[in-house]
Every structure is written in structure tokens, then in C-alpha cells.
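Labels for the chains are A, B, C and D, by order of writing; each one numbers its residues from 1.
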Amino acid sequence: MRVAELVARTREFIRAEVLDIDDRYDGDIEAAGGDELRVRWQTLAAKAGLLAVHAPVDCGGLGLGMVDRAAVFEEAGYSLFGPVALNVAAPDEGNIHLLDHVATEAQRDRYLRPLVAGEWRSAFAMTEPAPGAGSDPAALTTAARRVDGGWQINGRKHFITGADGAGFFIIMARTSGEPGDAGGATMFLAPADRQGIDVVRHIGTMDRSMVGGHCELVFTDLFVPDEDVLGEVDQGFRYAQVRLGPARMTHVMRWTGAARRAHEVAIVHASERRAFGSPLADLGMARQLIADNEIDLAATRALLLRACEELDAGHRASKATSIAKTFAAEALNRVADRAVQLCGGLGVSADLPVAKIARELRPFRIYDGPSEVHRWSIARRAVAEVTKAAR
Amino acid sequence: MRVAELVARTREFIRAEVLDIDDRYDGDIEAAGGDELRVRWQTLAAKAGLLAVHAPVDCGGLGLGMVDRAAVFEEAGYSLFGPVALNVAAPDEGNIHLLDHVATEAQRDRYLRPLVAGEWRSAFAMTEPAPGAGSDPAALTTAARRVDGGWQINGRKHFITGADGAGFFIIMARTSGEPGDAGGATMFLAPADRQGIDVVRHIGTMDRSMVGGHCELVFTDLFVPDEDVLGEVDQGFRYAQVRLGPARMTHVMRWTGAARRAHEVAIVHASERRAFGSPLADLGMARQLIADNEIDLAATRALLLRACEELDAGHRASKATSIAKTFAAEALNRVADRAVQLCGGLGVSADLPVAKIARELRPFRIYDGPSEVHRWSIARRAVAEVTKAAR
Amino acid sequence: MRVAELVARTREFIRAEVLDIDDRYDGDIEAAGGDELRVRWQTLAAKAGLLAVHAPVDCGGLGLGMVDRAAVFEEAGYSLFGPVALNVAAPDEGNIHLLDHVATEAQRDRYLRPLVAGEWRSAFAMTEPAPGAGSDPAALTTAARRVDGGWQINGRKHFITGADGAGFFIIMARTSGEPGDAGGATMFLAPADRQGIDVVRHIGTMDRSMVGGHCELVFTDLFVPDEDVLGEVDQGFRYAQVRLGPARMTHVMRWTGAARRAHEVAIVHASERRAFGSPLADLGMARQLIADNEIDLAATRALLLRACEELDAGHRASKATSIAKTFAAEALNRVADRAVQLCGGLGVSADLPVAKIARELRPFRIYDGPSEVHRWSIARRAVAEVTKAAR
Amino acid sequence: MRVAELVARTREFIRAEVLDIDDRYDGDIEAAGGDELRVRWQTLAAKAGLLAVHAPVDCGGLGLGMVDRAAVFEEAGYSLFGPVALNVAAPDEGNIHLLDHVATEAQRDRYLRPLVAGEWRSAFAMTEPAPGAGSDPAALTTAARRVDGGWQINGRKHFITGADGAGFFIIMARTSGEPGDAGGATMFLAPADRQGIDVVRHIGTMDRSMVGGHCELVFTDLFVPDEDVLGEVDQGFRYAQVRLGPARMTHVMRWTGAARRAHEVAIVHASERRAFGSPLADLGMARQLIADNEIDLAATRALLLRACEELDAGHRASKATSIAKTFAAEALNRVADRAVQLCGGLGVSADLPVAKIARELRPFRIYDGPSEVHRWSIARRAVAEVTKAAR
């Protein structure tokens, strides 16, 4: 199936099966049906050949590269529930990518295949409450201690997306060095029902469209056998990079879809509503909001595609993905905010889907690295490059 | 009691009685207790001499002018529930102001005194769904027809704040001319239990701190006797102006308090949280966010006070209040947004009160005139003034 | 020669031959030597195989497509004088493009070849003073009247770049319809020494790097023989479109180079200058300025390349070039402004080249369509597309 | 004379005597006549009772407080040459203020009186090239050594406004401690013709309206007798504060006048020029630019007046003046930039006075403390205040 066709079919699927439910429940996935709803959708998506299209072919996906994913995932993201309906939502989407690159054959069979098929969900347990690993991964405090036949993990994680109801976890824990050191993290796989994993609470965030929420977890003497070490010991930060760049970009793809929907809803509203004797959409200030949205969407997609081309060419693309993520997070928030403004009173209500999109988008300027942290590293790199060239 | 003391006591009251409940219920007034909670608070406030301090002295208030209100209302607004606890929340606060200026003695006794005392709440029924009166008041379609001994009103209103559970309504209806004409509106008073008033639904808005919500109403053959006409027939737009300027400014006062709280919470967070080896609050980008908040808050207050001075001097101050409202709505939203950003992941959660403040503030850029409509009239006036002077 | 090599050689040429003179004369081309200097540079560039590389191969160029031009022209633009040194400056660069597409063989020989070779310069006489053709081309008032053996042109033009000293003009004049009508313009070629062409004055603009300045012209009974009609009669607006899209994009390319230089100069300054105990470039607010510059440059290039790909594929790309031009003009101005700010007091002086770059860049937000006019048409198109799809 | 009358007369004077010359010479004071022109204007201003109205009464001024100065100085600033014409330009205006507070009676006679009368000009020699005193005054390197009967000064200064042709200098030099220490600066008075003072060069800045330019100076074994020490030894930083707050605010006053002129010129242009069938000033995007200018001007004045009230009440008002200066510098630059944009092609030319105003205003975001340095200290203060209150 060509990408253009995949895009068209994704678009139809979202409009036929997902969008109404999204609107009816104001983007609240738990209210809409939670995991049961997810399973129902993913079954339909599998029949339609649209499930986890980015996954490797041997696991049931279409093995789409990053550039090819862009338009498909944007269509999925047109509904807040679209990505989960098609099994291309965070964190599973990124975990599929990670496992495809790092898992052993046995891990591939046990963890990856059922994840692609939607038989279970997963969570990526890296972020920790202060003073642990947040923007600064080197602060990692969750520790894995060598024990007979494996490792014993203790620590606390928070903002772990999808944790409640996840089938298994990918856990980042320190295996050497001290908090503040860069080196020495390892990734571990652990089924959710293993003793020593407690989902302590849901953190009540403003976004509500993620199945399984954003949770706080505690690991207490959690045992992980050697065969569930993901990749090599002490190479966790390196694997995190494998996941990081693409995951940043697929977030951008999905949120571009959501922001585009807000934009289109606002345009339709502005062209139907009259003010001061003409359609709202003909007034200069409304046109400015609309044009700025077009510009922000175009620039987001352009930066995204440049970064995806780099990733598809096998580069780590840290700078390109960091710039694209930072720009996109801010631009797409502006798009949603302008859409709200264009819709006036209805824009802050649930009568139109723009307020909920604005609400869901806001955390993107913080999740996956706050804009300030990205800017810090973008600048550091720029100074290094330019001063080196100037010497 | 001097204003400075009033400010201090308001501050104490909010911290002692209101703030914890606000945080516990994430700013959702219905979840927190709704109208019952309001009555409990207002009883306490009355004992403390802090109830409706702007109301006229003969009705039980302190008759504070606009400048004197500013700091007091800012302290009230420090909690999202503070204004209602002290009976200085919209729409009652503005309705008190309006009735004080326009009501007859009989209306004053029947409607104003119990409103000041918190014995009932009120609503101001002006805004209509498209194509009725929104940003353009001349589009007013709700109509009052002369009948024996009074008027009969038919029409539909929406975004009527506090309507559910209100004791009475101030209703704006057309008494001459056609929709699109400027002239010919009249204000009517009507107890909520009178036949012909239906609160059709709550409009589900992103803000949740207003008792009685934002509602859609239908008036069907509502009879209003002559003694309940507020002011003179066909002078409704003029009285709306009496309410408008001060109401804009008291909104600014209250929201300044809310934004200041978000700012202070973010500063405390940033000074306790460490990142990259130093307190977050010492990093340049964090300082920029903090400084920009200080600047936005200072400019908001400065514009507010200039406008209040004009109002206290007896001017209509349309330009000054329009500028102050527009600037404030945007500036205070920036303040809340920066506070969210400074708090990182916790900033988009209910663990800190910044996300809810951002949520409650967003509609202020639309309510009481979207920024675009204000800019339109600010510019028109500027062009008229400058080209006249240049001739 | 591959593009990468062309880029590298362009870079060397600019640094070896042009940049010092640019700095010594603060970007003032007349002070630096004007047309004589241009000829000297273009002779060197021809020897180096770097002259008018975008020109068609049969005329002596390398026939580079739009995507290939991007990096080369950016290197040329690194110096304000680079584009003219390499004969890729406006308006000659765009006129070469236009003539290549529209000129007859005879016109090609007479006008295009010597233009590519740098034997003369040209000007494109379209914009008129109010109430003539400015942002709205349909207001065209300069008129050509049919006379025996050709046409007689009367009218006034202004902001005609390079007019003083140009060897010939391409003149847009109305050949049917009235000012306010869309249709009926024709392009004419006219040697500058033909009777009836008066360069009335240089308009004193803030930018000073263009050879021949921005001039006001008057055509008085200017005779143009039939063989100097460029393309078909009444098809002038269509040919203007042929020139327009690519010309917008090559402006972006060149100005990206200039903005990048300001950015790099600022980085070097900030890494050498210390403040409050560390290099300026390590402070958070400086890093924010630097990162924002990186983001703006990256987004500019990404949008530019998308538009160039469309143009190379044979599309008119009006939307893509309009978005890219609007974004770039604003983004590159921000880059230059931040560079000035980073350099502190020296940033507003001629000691560093950042102030002059800011000065030269400012008009780009107005020339080739003010941002507001572009936004107007971007929005109109978006509303048409979205409402059509929504039906 | 009441302030309102003073404002009106200042306005008339500027329009009658100054504005045309400003426009004719594109704001270049040296081209317009330099110091000779200044003397001519100041003689006229003295006759009109408008010379140095802020100066103390015993020296010939009207002793206006800060609030009263605001509207007068804004009128003066309406022309770029207005402040110098009325002897209220930097640096003389601030030096008058400083000398009034610190000078001995003898110094008052010798330096202050002739300065108020316009018999000579002065310069304030504080800022040094890197690594000396710039944003960080503690880096002061110019040193004064105790010698028989006075002090001997050696050092280098730059960006010394008005130095070329100044009659005397106020020199800040270190009298104890080392560069990097806070303490130990002293102010010295020195006639310009004293041996050891060299005006090395004019720094070529983008602004051109200051008589005497911005210069680089070298002091070589400059002898200053004890009677020319200004204030007490080692108290220089304290006196600098006396000058600093008011000087910041008078800058704001003057530049508000300049920005207002750009705004008014743009409004007149936009109301005369038609585009797409209506006056430009009626189009929504133009109205947005105009409204934003009104808002920025109003907020600037509001912040300015709050700070002036604090200063008039005898406070140092560091926070208020820092906020007002930072906001104003950015807001007024936005105003000028929008005025340029509104005027289209003419906006970047010398045909209208908006481009020159934009050019003159740009350095204000850097002079008297770059915005970044102000933000740094605003935030530090805010964090200290809020965390202290939260404890």
C-alpha cells in the first residue's frame, strides 16, 4: 500500500470510527471506555490493515520509515483518540521502535509481537520525581543491584504514561555510578504483574486522552532475571537515545494532526459566523490568526520532515529533532490557542473541540524535555560549532 | 478601616478559610460545595466585615471607589473561590454596582440589599447565541413587547454566568428597533422563579470556579411588570455602559490576584527545585520567565490604576478600560503560562495550583469582549483622534 | 561541479574578496565603489566559475535549480555585497530567470547574455507610487498605447531597485483595462538610454547595499518597438508570476546568509566576552537568544527547501513561497535583532557587522509584499480550501 | 506656569522651531548643525521660558518633579532634536539632576549653573570597554591614585555620550578595591580642556541625534584637584544610583514622544492611503498594529508614572524604574517598528520620519542596561521577596 493511500484510509478510519467518540467524551479516554474501547478499536484497525503501521514487517506492521510515518500519524492524531485506536500512540509506539532495535529474539517474541498486535500495552519507566532523573537524566536514582540470576530494582518513578493497566514495563535503572554521574544505566523488561511493582497513583494532569494516565510508580525489591535485561548492561542511556529522536518526531506528527483539526474547526466556524456585517473569516484580524496558523503548521511540518530525513538516513539527528520538537511544541500550542480565540465563547466550551485540543497540547511544551532544556542544548551545540569554525 | 488594613485582612481571610478548599477541589466550585459553600463563606465574611466591601454603605458595604477596590479585590482573587466567598465575584459584584446607580428605591430594597447581604445571587442576561448579541450588542434579538401592566419577553441567552441557582435576573431585551439597529434596549428585573424562565443547560466551559456556571436560558412569554423595569425604557445600552467599565476593571483586579498566585507558586517551586547543579530559579531562562511575569503584573496594575482613577473621577473611561482589559487579559494569561512552564511536569498537574489558574484565566481573553474586538475599537478611536488633530 | 563544492568555493570567494570591503564601508555599496567595484568583482567571479551560476548553461551559467541554488546563494548572502559580486543579486538574478523563460531568441542575445556576463545591469519597473500598483498589482496605472511599429509608454514608478546605472529596464505597463481591473498588462524591454526614461531621484532608504539604489522613474512618451515586447501582449501579470515565486525564494536564500553571519558574529562575541563571572554565551538568557536564532534559521531553511522542491517540480507554489517568504522575513529580522542584543553596545555600532545587517534586513518584511498582504492571501486560500473540504 | 500649559508651549515650540530641521536632516544632528544649532535653539528656548525646566529654581529651571516632567519631556521628545533644543537631553539632563543633589556650592557655581544655562555641555564618563565596567559596574578599571592636592586618573571609557565638544566631564574612577569588587568608586569633575583627556574616536552607532556622539576616551595621568571631587570619596556608586533611576525615567519620557510621533505619522499615512478598496487604516491587520501601538504607549506611560510617583516620594524605586525602563524600551521599539510596517515602502525611506525614529530607538534596549541585565535583577529581587514571604 502506498503512503498516500495509507493516509487516505487512516483519515477515513478516524472519521468513521473514532472522532465522534472523542468529541462526545471531550477527549477523556477513561470516560469514553478506556482500555476496552482501545481493544475494540485496535481490532477494527487490524482488520483494516492500519494497526501499528510503523512496526517491523515480521511483527505485523508495514515497517514505515520516519518520513513515511509523518502524514499517516498526522491523520491518526486528527482525533485525540486516533493514535491509540491505531496503536501508534505514545508510549507503545516508541517502545515498539526501541524493542525492534534492541530486543533479543526471545524478547521480541515475548514482548514486541503482542505489543504490536495490541494484546497488551506497555510503559516506559524513566522519569523520576525530584531530585531524580527529570530534565537531567544523569540524576537517575532508581538503582538495580546485581543478585543471583538477575537484578533487584528499587526506586520511584513518576509521569509514567500508560502505566495503569500496562502489560509490561521498560525500566531505566542505574547499574553503576552515582546520581549525578552520566554513565551506568541499564534497561530492564518486567511484566506488570511481577511482585515489587506498585502503581501508587494517577497524577492528575490537564490532559486526559492517554490510556492508563500518567502515574507514579514504586519499585520495591523488584527482581528482573538476566534474560529480561534489554540490550547490554550500562548501555541504557545509549538505547534511550535510539528511542528519543524518533519518539520526539512521532509526537510532533500526532500533535500536528490535533492542531490541524482545531485550525480547521475554527476556520469553518469563522466562515459561518458573521460579525459586523461580514463573515468573521473575512475580517483582517481573523485572517491574521488563520494565516499565522497556516504558517506555524507549515513550518512545523517542514522542520519535522528535515529531521525525519536525517533519521531515515541513519543519523542520530539530535539537533534537528531538538529544534523540530521545540518549535513544534510552541507552534502547535499557538495554533490551538488561536483556534480557541477565533471561536469566541464557544472556543472555551465543549461545544467545539478546540478547547480540549488546547488542553491536551499544553503539556507537550514540557513533556519530552521542556523547551528551555532543549534551547539550552541547542545553544550549547551552536556555540561549540561556531566558535570551532571561527578558530 | 483603611484600605491597607482591608487588604491585609482580606489576605488573611483567604488564606485561613478559602485557599485550601480551592486547591483540594482543583478550583471546581460545584465539586467543592457550590452554593452551600458560598453561603457558609459569606456568613463568615460578613462577620469579619469583609462582605461586598464595594457595595454602597446604606446597603451594608464600605462604598469603596475603584482605586481602593483594586488591591482588595486582587487579594480576594488570590484564590479562585475568594471573590465568591467575599461576594465580590462576577456577576453579582457588577450587578450591585449597576443597581446602585440605576435602581429605584423599591428595587433597591427588593433586589439590591439582599444581593449585597448574600441572601441570593443574580445573573446578567445579555449575551445571545449567533446571530444575536455577542461582540456586537446591536444584534440584540431578545424582544420585550408592551402588554397590559408591563412587558412580555421572548428570546434566548447564553453564557449567562451564575444563572443556575440565581435568585433573580437582569435581562436586556429590545424594546424598539430591529436587530442590527443600535437603539432601543431596556433592562428588566425578574425573580428566577417567575414563569417563562428556563435554564436550558450548562455550557461546559473550561473554567469551573463560577457558582451557577455559564448557562443557556430561554425566555418564553416572560411577564415583567412595569415596576421591574430597571431604569428608563430604551436606555438599556446606556446603563450597560455604566456597568461595563467598572466590571472590566474588577475582572482585572481579581484575575491579577490569581495570576500572582501562580507566579508566586512557581517562584517557590523554582527556588526549591535544583537542575544542572543550581536552583532552577538561578538559571537565566527561569529568571527571564520570572522577570517577564513581574513586568506583566506591574504593567497590568499600572494600566488598571490609571483607568480606575479615570472612573473615580466620573469619566466613562472607555478607552482606558478597554486598553487595560485587553492588556491584562493577555498579560495575565502569559503569567499563568510561564508559571506552568517553570513548574515543569508538576505544572500541568493538579499537584500544584498553576494549571487550574491557567485554565480559569484563558476565557478572560474572550469574555467581556475578545481582544480582537477591543483592538478594533481602540484603533478606530485612535485613528479618529489623530487624524482630527492632524487636520 | 557538485553543489557542495560550489558552496565551498563560494564561501571562500566571499571571505577572500568581498567580506572585508563590506565591513570597511559598513555595507554602503556606493561608498565602497558602486558599479566599478561590481565589475571588478564579477570579473574575478567569472574567472572562478562562480558568476551567475543559476543562469542557463547556454548563456554561461550552470543552470542550477532552485533547491541547488539555496545553499550557494546563502553563502553569497553571507556578505551584503556577495550577491552583487557573484551576479546573483536582485533584481538581475530574477530578471535572468524571467528572460530565460520568456525572451525570444533575439531578446536572449541582446538582453540576457550580456546580463549574465555582467556587461550591464537591469531593473524591473513594476511598483508605482500611490494610488498605483503596490501591494495590489491591479492598480497598475502606467499605460502603453499602441503606436505605429510599437508602443508608447507613460507613467511613474518608484522603489525600482538598481535603476540608476541600469543598462536596460523591464517595464510593466497596462495595455488594456483600467486601473483596478486585473487584466491587461504587458512587459516591455527598453535600453536605459532610450529617450523618455528619467531616473528622477534615489529614494533614501535605510538599506544601502544595492547597486543603483531604489529609484523613482518617469516614463514620458517612451517608444518601445514591437520586437522589445517581452512575451505576449496582455500576459504581463502571468509572466510576473513566473518571476515572483523564485524571486521570493532567492531573496530568502541571500538574507539567510546575512542573518547567519550576524548570528555567528554574535556567538563569537558572546563566547569571548565575560559577564558576571562567566562567558556571556554560558548565561541562560544569552543561550535563549542563540537557540532562538538556531530555530529561526532552521525553520527558514526548512520552509525554503519545501517551496523550492515545489518550484523545481514545476508548480507555481504560490502558497508555499508566500508562507516561506513571510516567515523568513520575520524570522531573519528576529535573528539579526537578537544578534544586535547579544553584542550589547557594540551591537549598535559599526565596530561589529550586526547593526548594518539588521538595517539591511528590515525592508524585507515590506519589499516583495508586506507580511500583512501575504497573510491576507494565505488566509483567504486556507479558508477556501478548508470550507470546500468541509462541505 | 502650570504643567498643562508648559506641555502645550513645549509642543508649539517643537513644531515651530525644531521638527522641520529634524526631518530635513533625517535626524542627523551633526549634519543639521551640531553644537551651533544647539546654542541657537537653547537661546530661543530660554527666551520662551522652556530651557531645562527640570533644573533647580535657583539655577534658572522650574524645579519640576518627576511626574511633572513626564508629559513635558514627552513633548520635547516628539522631535529627535527636541530634548537638546530644550536642554533636557541626556546626558546633561541627568548630570544637572546629579549635580543638584551632590555638588558643593562652589561646584554648583562653576559647573551646574552654566550647564543649566546651556553655556556648555557635559558628559558622564562611566562605561568602559571590556573587560571593564559595562553591565556590571563592579568591573570598573579606570583608577584614581591619590597624589598631592588631588588625584591622578588613568583609564579608558567608551560610549560616552556627548563627549566630543563637552565642556566638562563627570568621571567615575576606582579609588579603592580591585576590579570585580563592589566598593570604592569616586566621582570627579574635570573641564574638558584639562591635560590628560583624549577623545580618541566617535563610535559609529546607528543613532545620530546626540550632539557630541558616543565617544571613546582615554585618561592619561589626568590630575583632578580635591575641590573637584564630586561628593565623598568612595561613594561614587551610591551617587550613580541617585542619577540612575531618574535618568532611566527621563529616557522613557523622551522616547515615548518619539515613538508617539512615529505612531501618529503612521496613522495619518494609513488613513490617507487606500488598499483593496478602503483606507488602509480600516483594514483589520492595520487596526491591530494601531491598537497594539496604543496599548504599548499607554502601558509605557502607566508604568512610567508609577515609577515617577515613587521617585517623587523619595524612594530609590529601583524595581519600578527597572521594570518601566525594560518594558518601555521594548514597547517603544515595537511601536516604531509597527509604524514602519504600516507605512510600507515609504516606511523604510527618509520620505517619512518613521525609519529614523526606529533607528534611534533601537539602542535604548541596550543603553542604560540591556533588557537582559534588568530582567536578571528584577527576577533576583522577585525570588528574594517571594521566598522570604513564603517562609
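Annotations for the structure displayed:
Throughout what follows, a contact is a pair of C-beta atoms (placed from the backbone, for glycine too) under 8 Å apart; a residue touches a chain by one contact, two chains touch by 3 or more.
Small disclaimer: the values here were computed from a predicted structure and weren't measured.
Look at the CA centroids: the one farthest from the centroid of chain B belongs to C. The chain pair C-D and the chain pair A-D differ in C-beta contact count, and the higher one is C-D.
If you average the Cα atoms of chain A and of chain D, the two centres end up 52 Å apart. Our note on geometry: chain C versus chain D, Cα centroid distance of 38 Å, whole angstroms. Shown for chain B are the residues that touch two or more other chains, namely 283-288, 372, 375-376. The part of chain A that touches chain D in the complex is made up of residues 283-288.
Of all the residues in chain B, the ones that touch chain A in their complex are 26, 127, 130-131, 134-136, 158-159, 203-207, 214, 273-276, 283, 285-286, 340-341, 344-345, 347-351, 355, 358-359, 362-363, 365-367, 370-372, 375-376. Interface residues of chain B, counted against chain D in their complex, comprise 263-264, 267-268, 270-271, 281, 284, 286-288, 290-295, 298-299, 301-303, 305-306, 320, 323-324, 326-327, 372, 374-376, 378-380, 382-383, 386-387, 389-390.
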